[in-house]
Amino acid sequence: MLKVGLLGAGRIGQVHAVNISGHERSTLVAVSDVNTAAADALATKYSAKSCSSDEILADSSIDAVLVATSTDTHSDLIEAATAAGKAVLCEKPVDLSLARAKECLAKAQATGIPVMIGFNRRFDPNFAAVKVAAETGEIGKSELLSVTSFDPAPPPVSYIKVSGGLFRDMMIHDFDMANFLMGAVPQEVSAVGSSIVDPAIGEVGDFDTAIVTMRYADGRLAVIRNSRRAVYGYDQRVELLGSEGLLSADNVLENTVSKATTAGVTSAKPEFFFLERYMRAYAAEWTAFVEAVVANSPVPVTLEDGISALALAEAATESARTGKPVTVSH
Amino acid sequence: MLKVGLLGAGRIGQVHAVNISGHERSTLVAVSDVNTAAADALATKYSAKSCSSDEILADSSIDAVLVATSTDTHSDLIEAATAAGKAVLCEKPVDLSLARAKECLAKAQATGIPVMIGFNRRFDPNFAAVKVAAETGEIGKSELLSVTSFDPAPPPVSYIKVSGGLFRDMMIHDFDMANFLMGAVPQEVSAVGSSIVDPAIGEVGDFDTAIVTMRYADGRLAVIRNSRRAVYGYDQRVELLGSEGLLSADNVLENTVSKATTAGVTSAKPEFFFLERYMRAYAAEWTAFVEAVVANSPVPVTLEDGISALALAEAATESARTGKPVTVSH
Amino acid sequence: MLKVGLLGAGRIGQVHAVNISGHERSTLVAVSDVNTAAADALATKYSAKSCSSDEILADSSIDAVLVATSTDTHSDLIEAATAAGKAVLCEKPVDLSLARAKECLAKAQATGIPVMIGFNRRFDPNFAAVKVAAETGEIGKSELLSVTSFDPAPPPVSYIKVSGGLFRDMMIHDFDMANFLMGAVPQEVSAVGSSIVDPAIGEVGDFDTAIVTMRYADGRLAVIRNSRRAVYGYDQRVELLGSEGLLSADNVLENTVSKATTAGVTSAKPEFFFLERYMRAYAAEWTAFVEAVVANSPVPVTLEDGISALALAEAATESARTGKPVTVSH
Amino acid sequence: MLKVGLLGAGRIGQVHAVNISGHERSTLVAVSDVNTAAADALATKYSAKSCSSDEILADSSIDAVLVATSTDTHSDLIEAATAAGKAVLCEKPVDLSLARAKECLAKAQATGIPVMIGFNRRFDPNFAAVKVAAETGEIGKSELLSVTSFDPAPPPVSYIKVSGGLFRDMMIHDFDMANFLMGAVPQEVSAVGSSIVDPAIGEVGDFDTAIVTMRYADGRLAVIRNSRRAVYGYDQRVELLGSEGLLSADNVLENTVSKATTAGVTSAKPEFFFLERYMRAYAAEWTAFVEAVVANSPVPVTLEDGISALALAEAATESARTGKPVTVSH
């Protein structure tokens, strides 16, 4: 039984707590949060102890930690946890600074302790099915990938300011999805952005709507579309065109009911946001982490994967600013 | 080039005129109608002559007639036309009286002249694809057929009174669809009806909503649902469950556009009524008739098919009245 | 916190255990099963005690029991549990004998203890949404209900023999769905059945394919289609036609991926069977039970509901045997 | 009755002949083609005369011409026909040279004779419905347009060589669709292309797969995806994201039949290519031309529209070559 400490008792920490506790091979033993009341409440519910993150890292009975704290603490916690010999599942992104993330990678790698990055979408059953179908050659050779990722509503500008920008905060998921589905990192990134949803987002130097095109060494192409606002819900789709067909993963809808009247046929909207849409993905992600750690096999999403996605986000940020394609160095 | 006389210049006659005239191997040479102004207008448009039906039948240059007159004239016109040696495509139903239809069959058969009944739905590309898939064994052995047929709005009660009733007027199409898709006629028919859409329909002794179940000699089952009112449009579907799968033919929608908003996702309604939905079917039906006549091969929907459907309509009418299943004699 | 004893540790008992244990207001304290090893295993996993059902009923610290034992024990356990003052959630059906079920109702009612019957499909988010839409008048007045319920594969004939027959064992869910969605019980039931899937099922006097039509006092109609075999998965749909539109609840698919190739566009099948399809429904059902018991408000599915569905199953069984419609007395 | 001369009796000329002849207010009186046998055959079928294009332009009884000849003759024929006072409907593109097209515009405009360019997709009922919905504000203010346009199979390299390249030959339709749906021309165009489908296409300096992003003066964005090969059929879709929702026009499928088996649920492919998909659009386009000419009102797609699309194609060609965004001058 894997004994797990949870660092961070916020919204996403609570989702992870359910999965840690519900999994047959893991148990939640400790919770920390800068908001100690939140840590206490979560710890009580799962009969775990509430303590500081330092205490968790110092507790030799704890096998693994799940890092669900604010982004600026990720690198430090990954380093400290691996130094303490604890397997790590850390929420994305690794860091807002590519340089800092690479430093973290070097230190973590030196310990030999497994670190997995929480790119939850790889574990969505729909996207995972696209991956399997593509890899088994069901559409021949892949040629053109399209990733659509629209949030239901923009976050407050106060969040935008500290987010690292659209490409690092939001599109980083889509960069990882592209890396995942294409099985390669692109050579060149071109970005175009706009702040048409909310001019205030533009005033703090960020975009709310963006398109990124990417070219791979073998001539394949990809395009990612992001918008901070799709009022009908969380729009999360991929399409992969290949030499022998097209794979499409469509949205998960709230229900399967339709109503036909004189006004047309109305059906349900996509699941509203990431907690609804990716509930099954979070559980599958946790299972994958536990299985890898228990079996001492490689984790399915590595710290390097986190850095690859971050490198693309940096390149896109530069391209959107300069108006020129950016070559990505790996 | 098949020279064709059109008997009946009403709404459905006009649809047929387009197809007769547009087909590469047929031409419209004469039109008749009790409303001579309607016949004149249609004849002018297609450079045909406007005359009486007697004149059409007497015109030895005419090879074939399309009968699109009122139902009470069908049997007489089939008999007269075949006696005059003209191939016949006659709108459904053959007659409201099964006895009269059988008499007509005997006379027409004696002439050896081809008579095809206009069960247009057999030529709908969707239902036709179900037929082909079923016959080629794509779902193994068929077991349970479901036919859905809802009109967008009920006709006036004045029409209901002379229609022969729901089963002969409306469901007769669905009986033929069942005969077509099952490749057999059922042994037993059970009907339940209601006049819940419009009580006035019940007051003249008819139903506006009905369900018919049918059992075949080999144990297969079928169900037909009819309603005179589906406010969202003409609802025309079939489902065929077999030992190895399910075939479904869904509605044809007005367009492929959907709109996602906070209110849900709205898409187009089914094509409104039979002229829209079955436009392609009418053209395919005419092509099938021309090809059979020109090649001197059997027509794909026979007068016997018209009588089989009528026999089922009579059985259903009796079952709905008595509340008991009715055995069908063939 | 509601302390719960689980009677029955089989497949469905295990599903309930997850929900009992995971719910914030209930906890699993005891498990019994005639297979004591199964009870032990489940009890261990959830830190509950493994004991006999008699011990559970005699344990005054237990507030409620979930009955997931074989059907022939349901009536006895409902009576014993209510006599012991324990709220009951009992799997369907109440009993295979309508008379016995009514006797059970009388005894249970005398105690005043709440008894809820596990018609899980009422809690499926899709069917529940149809219910809400129908009740709020979104399609005007309901007129014609259609329930489709096909299992992926027939059970062994050994099970068929003791099942009570298709109508009591399988269609009982659909009778309850009709009662639920129509908000009334029908006056008359007509059934037609066949054993076309597996003749061995016919040899033991049962059907594997059946259609039931029902007529309500106000003229509304309903039809239920059952098949023991739909090789593509568990086919669970409803359609409700009303004066102002149509509500449809479609299947829940395994995923949202489609693949377009020269062979056509292939998408996922329906969730395979009831555990997959109704996983969310079971959780919602448990929540509804806990909320009613804790709030001392009426349970949403009563023992009377169980008896109504059973009465329809008896009527359908008789109709299928005699070939005549059966009037239902309530 | 509009008397029409058809210049060009090839595949697309034959489609137009059906519409010219079938329309109630137009008649086909003359056909020309460099392949005189093709012209003769078409003329015979419609009782028109077969002659040279010069004879058609010199025939004072002819009111309008439809230009369906090879692209390199379009500018000359538009100039000659307008000089001869004949209304023109000319297939796209106006010319492969933007300079030549502008010259043609100047000459044609000087005559005051209406010239319409055959961007048939504007008349597709699906895209037309998106346009209407967008213009009536059904999704608020538009923000992000996506156009997908994949051909079923690449043309021979011999055609590619004289085609003007992917952007002028194929994507020009999509540039016009963007101009149509956005109601504006973009300021900046960025293109990325690849010859991954067929390296031989790359060897002659063209692309077979491309993505173009466009930015509008008001901050709106658009993306166009093109591939010369989608083996499952002609993939023609648009999506328009707005402040209050998303409009999507999906493919038109060959039929509405689906088949569910153990292998999944298979449905029909998109209509195979442009003749099938845009059959209704060609008829609606002709109707729009006839109505404008007869009413002496502006044609709905002008020569300027043709030039705008061509300017975008030139900009995209340059961007794909240089790897830099190109500012579009209008």
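So that you can tell them apart, the chains are marked A, B, C and D in the order they are listed, and the count of residues begins at 1 in each.
Operating definition for what follows: a residue touches a chain if its C-beta (ideal position, glycine included) is under 8 Å from a C-beta of that chain, and two chains touch if they have at least 3 such contacts.
Values in this document were obtained by computation on a predicted structure and should not be read as measured data.
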Could you find the chain whose CA centre sits the greatest distance from that of chain B? A
The larger set of C-beta contacts, choosing between B-D and A-B, lies at B-D
Separation of mean Cα positions, chain B and chain A [Å, integer]: 57
Please report how many Å separate the Cα centroid of chain B from that of chain D, as a whole number. 39
So which stretches of chain A touch two or more other chains? 230-232, 244-246, 260-262, 268
Which part of chain C faces chain D closely enough to touch in the complex? 230-233, 253, 260-270
So in the complex, which bits of chain B are touching chain D? 22, 24, 45, 125-126, 129-130, 133, 138-139, 244-252, 254-262, 268
The residues of chain B that touch chain C in their complex are 143-144, 146, 150, 190, 192, 194-197, 209-211, 213, 215, 218-221, 223, 225, 227, 229-232, 235, 241, 243-246, 323-325
